[in-house]
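What follows is a single structure, written as structure tokens, with notes after it.
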């Protein structure tokens, strides 16, 4: 094992080191210096990005490195860049928020960085072992992040629930892995894939293992019935964290999901497809319908992100090339629009969780037209109304499902996406159709914060840009997905 | 440039007048002088041009030549496959045609129209300037529509005029729109007419479906060429057309609008609801005589409806006390005669009666107008009497017209009506289309109707002009003869009511058929049917012997005189007014029935109108509740489960307007119950969920 | 099949309002209402002016789609940016631009607060609507189709009546549900043209995947009937809700009643046409078999709509609601004529779209005018208006007559052509449909009588001012057009004729006896730049 | 006797397994967390024994060291720290949920069991061969594991180290008492 | 002969016990212990399989699992401490601010 072998692993190493440094810097700084730490963190993320671009990309086709623990391919690159962006946005959006609530930045930033490392491994893991540890790294960091506002009961409570359920589910996942290992005798995805083509996939233990692994993944992507942790964790977590976990870990989970089920377990598709079908349909219906009556914006967005998970699952059910890249596309789009939406929640939220209730948005269009317009864009995007990116995302997912021939599922999906409009527009109604001076309405004040606003602006631009000119992104997504080599 | 190439201009001229008065004088409130000058110019020039064109046409081309002026291609509906499998282009031209019947109509429509314009100048003078302008623009507009109607060279253009006159009558009936009942009457007229138009439209479509064209000059020959081939089609078309005619010419069952239409200003009643518009139906039937002649059924229906209307309207007319109502019902009844004639194949006679009727009925209406004018708007003849000495001109002209309508020889009405009766009788005698007995029956009806006509008309005369004035003192002071603008037309029309009939002397009684100018004039429009069907024509000549014909003539004279005598017995001299009372007391039911016009209006209101309105209200309820509900109901499937939770019923009982939202709301809350709120609960949800998923998985895997 | 001359014109027309809106957002202060109004009017006006050339430049004997533009948009999935119009679309575009202008012009005094947003939304709406009529790529079409909803939602929701929230969201959800199902249909077509649908074992044609409508026209004949059925169903829901056809119409009254005048005008005049446009542009030519199967049902629904709409209208106490239901009835005529599937029927239904746009648009304007004066739409509130507002009464009368199909006015031409076509298809339909004319007269005149005739009972109406110059100018163009169509519809028929013929040709594919010939015709029409990379493989 | 010798492995396994299960049940069942902790310790040890039975000596060692030596002590510390050991009579279990929960657990267990049993039946034959093949040589010895751990599984190993780091951070974040923060916290306390 | 099956069965039983423990216990600490049971169950599986297959990967993974379990224990205990600080209870189900 020579040193050169570690070159492609450089990004992870750098990130981890940076995380450690931030941690150390954070201790003396205490509650101050959030901004500096954030800048440092983001800088490290950028450096990592450069490294990924330089060394992370495969010269010729996917390459297994470091004892076949990791694979270097465009798929991984796509996700890694996404994670980096998400991390950066999460850090910058948080800065003002942390200051407002009086929490230190050191642990926060470092945890984001470590979580990113974990997600890197999840995205590029080539062995169940590495995937698992990556998953855990990510998960543990996120548990802590969710509970980061340790003096807020809700924060702690969210963390507790997330933690307990997460641990249980990862045990299930492990159990599944153990079964798979038991019946195939290997942890390496490549070998699993090869042997699956030879070994009859009818072996119930093997299939059961896959299904249990599937359960574990479904938990991570917050699919019904494993979604239960989501609303509470999202609502309880500090909003920037909510934004982060609603995007990055979910994306990472899907990356791992695809690695496993488009890659290793591909030939078992006919066994677990039904599970995914049911989960997908249930998730879409549950998420959307349950969101209808939520009055807490964070919680509503939590349910909405459950629902979006359901849409993405359609891509897995479809199990075709289109599905593969449609998922990537969707995740990308979803990342930005969701971040944007949460960005406004952050800006409206002051101590005591004010600004979380829908009523707090009343008359926003009057007081801050720009903000209202931005929020409108994200709501439209989330509801999948063109010409926003949200529509493009949905379009390809649905297209994939139709190509797969899952018309019923698609019909459910489209109906539900129509329904979703209702609750997204409850916010729009507050912003535009109410004046904010009705009796009983005390709209939350909009707390200006340059950094967050810049981040939001970027999200808006990207959301609209992809909506109007998706061609390049589609191109990347396609190349990335082709690395999985689905059929 | 010949005048008959400008026939399209005949309608346009009044239209210009209408536009000017409507847009300019009405907006600016120009003085009455300007207004009626323009109006008179409009109608007058139309009159002159019309007559000029006709004269030139007769001289240059002769009456056998149908002269068509096509302006431009109007509607291009593309090509359709018609009944015989070939394809025909729906290409309707805006074109006018001048032939015998339209010439006749134009000649008297323009003329009478002009007279009535003149009359109106006097009659309407105390309206406000704007109202005055409005009135005249409507009147001109009517002239336009009516002329389009009579000049149109295809069914659609005819329909344009048809609807146009409907609109104008609507506007003019509702002229005093402040009075609710006027407005209502206008609406009623329009809608009832619309019912007729419904038939007319279908007739048009049917015609196209059958012949692939709507030009008279094209499909009449086709029909005439192969009568047996087109017989059935002709029946359908004929009946549908007749539905239109029923509406427009106020025949049973759609006559109810005409009496109400008297709400409009009297000149309007004279022009539209006596002389011209209401005869449009007759005109149309005559115009399409070919269709009817090849379809016995249609013809019989026309005759029967006409006959019944004639008698029924007459009976109602017997007891009415509103001077205009009486005239209205007499109009209905006379129209009945016209259709009866047409139905009996006497198309010429029908048109002839249209002509004479136009004269004397217009005269009567204008006369009544001048009476009403004098009595300061009073229309109840019981409040009149003895007007003779106050307004002689009116009286004499009125009397003349009455004699005419009663059918006293040498007066115009006599010739036309007698012609019709004779033809009907012949129809019976010649067993026309093997419906002989029916025609006999109709003839009897017609004769009875003639008696009644004479009776109620003279009742009117006696009660209005003779005896003592019953209107009270101060009303009596205002009584005066009308200004010349009003009397002049009266005189003219009176004269015409006397001599107008001479154009249709039944020459054959004197072995001089050629004396009957009008028959000769209209002969070209009666296209010969196939070859066998000359029979229908010959019948009328040989079925009845000359003696019998004379007998009929005398009979009708006798009948008329009898009616007059009755009226005299009842309403003149010592026992005036007593007998009728006694009669009324003896037959109270019959009297009430007639007085209330057989309660037809009431019945209609109760059934048709009420039914529609109620129905629509009901449907509206349905729409608000059920349809909306049903659509929303589809949401049920989404959360059928939520039925389990009692909330659902509660919501529905709440009757939330927006059911869909409610259902989703309920479903949402139900779903949210899964979110119990503490970790172990979540764990259980997961475990059970996982169990279910596994179960599903096994189920699918095992098969 | 496509003619690229003057291609820039369409883009200009479509995006000008958008640009105008952006400029307005960026540079015009929301307090400065005169500037806002002038700018909005200017933009809308110019948009109309530059759309007029289409009328003259369109060559009825030319290529099917003219003024076309084709650009790659999302090449990897075969989404192209295809603009192009035929005569049918040209007419609708002109209608849209004109009414867009009128809508802006009529809201000067009606809209007093949040004017900036208001005009911005109006202009955005304009772009959306125009885009729909121009797009020849399904995705592009769909994008515009949905873009339209948002501004409309706000127009109703912000500036609407008391129940505006409900009405707005109802409108949005109804139409959205419809359109997403339509999307499913679109995707099915798309994949059928390409790989097929795996799980349900539907073999595809294996063509290059594309959303280009012009290409899909060429494969219409090869779609198996059962597939056509489902796709047709999906399209049907989408379009029928928009039309709206009988069971789906309940959103219309609410939306109309609550929307501000301009909103109602646009809604009635243009948005409802989207549905019928969709049917003629997509459903009929693309899914001939299904279309022919559906004829009976659609006709039934349409007839119900005609009669039912009229009857319900009769029961209304609210003018706007009445007019709204009359739209249901009129659109029933349009649908019925369309599904007579013959020359006259289709022409009539296209013409009737324009007529309905003009007449009902004008009616809403008129209602809006009194509403603005009295803030009340209840018929009972009025009566005898003819005395105080003679000019208004006159306009109202003319429009009423046009809407009940009085000859020499536009309504008649449309209804006549439709009915002659319908009668040609089935006299029974004509029988029922024609009764709509009687009922139409009934409810319109009844309303007219109750509003304008009788005593001037209500004190509040005693001194209502008559139309001012601006209001007159909003109405005059429509009246002029009403008479124009009524007296000389030839130019309109000429422009729509090619569309009608082509649609019928394509539907003819499904009629066994003409199948081969029609198919060939379709095929040779298909050789077009758009079809080039795919068209050949089409056969 | 011979029987015992013959099936020593089996007997041993059953005994150990029985104890393990019993201890596990005790963990869940005992009211007092301290008792549960002790039961847990027993379970860990028994599992370690099972490891040894499967020739995973190194792992057995790790098991004892990490779990028994590390984690369990941690537990006990926390229990002492929070001083709330007994939630009071009748408040041990979620009485309402308990039956349901057990049902759920059992059902899920059975469902999984079905799969596994079917599976091992299917793969049974081949596996015995494999086992006998590896029966002889000293497998699972420390160096072998170490070798493969550092040669092949280096990356996960590194990552796990980071995981531990994160755990540490978590401990810091949650454990640290921060006066100022507490102050800040008070405001939000209702 | 004791085969993998026996071990797997045992581990399954342990797994379920752990699962039930998570669901029924109110005391957060005990819940954590139950979680540990579940991880142990997995480990038993891994070891059994690795032995049966004569492959060391299982053991390695088991090591990772143990480590991760340790880390999770640490975080869990940290959470317990905060929970106690905030609500003065170790009863897991009393953390029910949020729900629905």
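As written, the chains take the letters A, B, C, D and E, and residue 1 is the first residue of each chain.
Convention: a residue touches a chain if its C-beta (ideal position, glycine included) is under 8 Å from a C-beta of that chain, and two chains touch if they have at least 3 such contacts.
What you see is a predicted model; the values in this text were computed from it and never measured.
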**Study point:** Chains touching both chain A and chain E, listed by label
**Key:** B, D
Review point. To reach chain D from chain B by way of touching chains, what is the minimum number of steps?
Key: 1
Point to revise | Chain separated most widely from chain B, comparing mean CA positions | key: D
Study note, to complete from the structure: Of B-E and A-C, the pair with more C-beta contacts is A-C
Review point. Any idea how many Å lie between the Cα centroids of chain C and chain E?
Key: 64
**Study point:** Distance from chain D to chain C - Cα centre to Cα centre, in angstrom
**Key:** 69
Practice item. Just give me the whole-number Å value for how far the CA centre of chain A lies from that of chain D. Key: 30
Exercise for review: Express in whole angstrom the distance between the two chain centres, defined as the mean CA positions of chain B and chain C.
Suggested key: 37
Review point. Taking each residue of chain C in turn, which ones touch at least two of the other chains?
Key: 173
Review point. At which residue positions does chain D touch at least two other chains?
Key: 94, 97, 101, 104-105, 108, 112, 114, 116, 120, 152-153, 156, 160, 163, 166-167, 170, 173-174
Review point. Hey, what residues on chain E touch two or more of the other chains?
Key: 4, 8, 15, 18-19, 22-26, 31, 48, 50, 52-53, 57, 60, 64, 68, 71-72, 75, 79, 82, 92-93, 95-99
Check your understanding: Looking at the whole structure, which two-chain pairs count as touching?
Key -> A-B, A-C, A-D, A-E, B-C, B-D, B-E, D-E
**Study point:** Of chain A, residues touching chain B in the complex
**Key:** 160-161, 164-165, 168-169, 172, 204, 207, 211, 215, 219, 224-226, 228-229, 231-232, 271-272, 274-275, 278-279, 285-286, 289-293, 415, 419, 422
Exercise for review: Could you please specify the touching residues of chain C with respect to chain A in the complex?
Suggested key: 72-77, 117, 139, 142-143, 146-147, 149-150, 153-154, 157-158, 164-165, 168-169, 172-173, 176-177, 180-181, 183-184, 187-188, 190-191, 194-195, 197-202, 230
Exercise for review: Sort out for me which residues of chain A touch chain D in the complex.
Suggested key: 1, 9, 16, 19-20, 23, 31, 66-70, 101-103, 107, 110-111, 114, 117-118, 121, 127, 129-130, 132-134, 136-137, 140-141, 143-144, 147-148, 150-152, 175, 179, 183, 203-208, 211-212, 351-352
**Study point:** Residues of chain E that touch chain B when the two form their complex
**Key:** 19, 22-26, 31, 92-100
**Study point:** Residues of chain A defined as touching chain C within the complex
**Key:** 320, 365, 380, 385-387, 391, 395-396, 398-399, 402-407, 410-411, 414-415, 417-419, 421-422, 425, 429, 432-433, 470-471, 474-475, 478
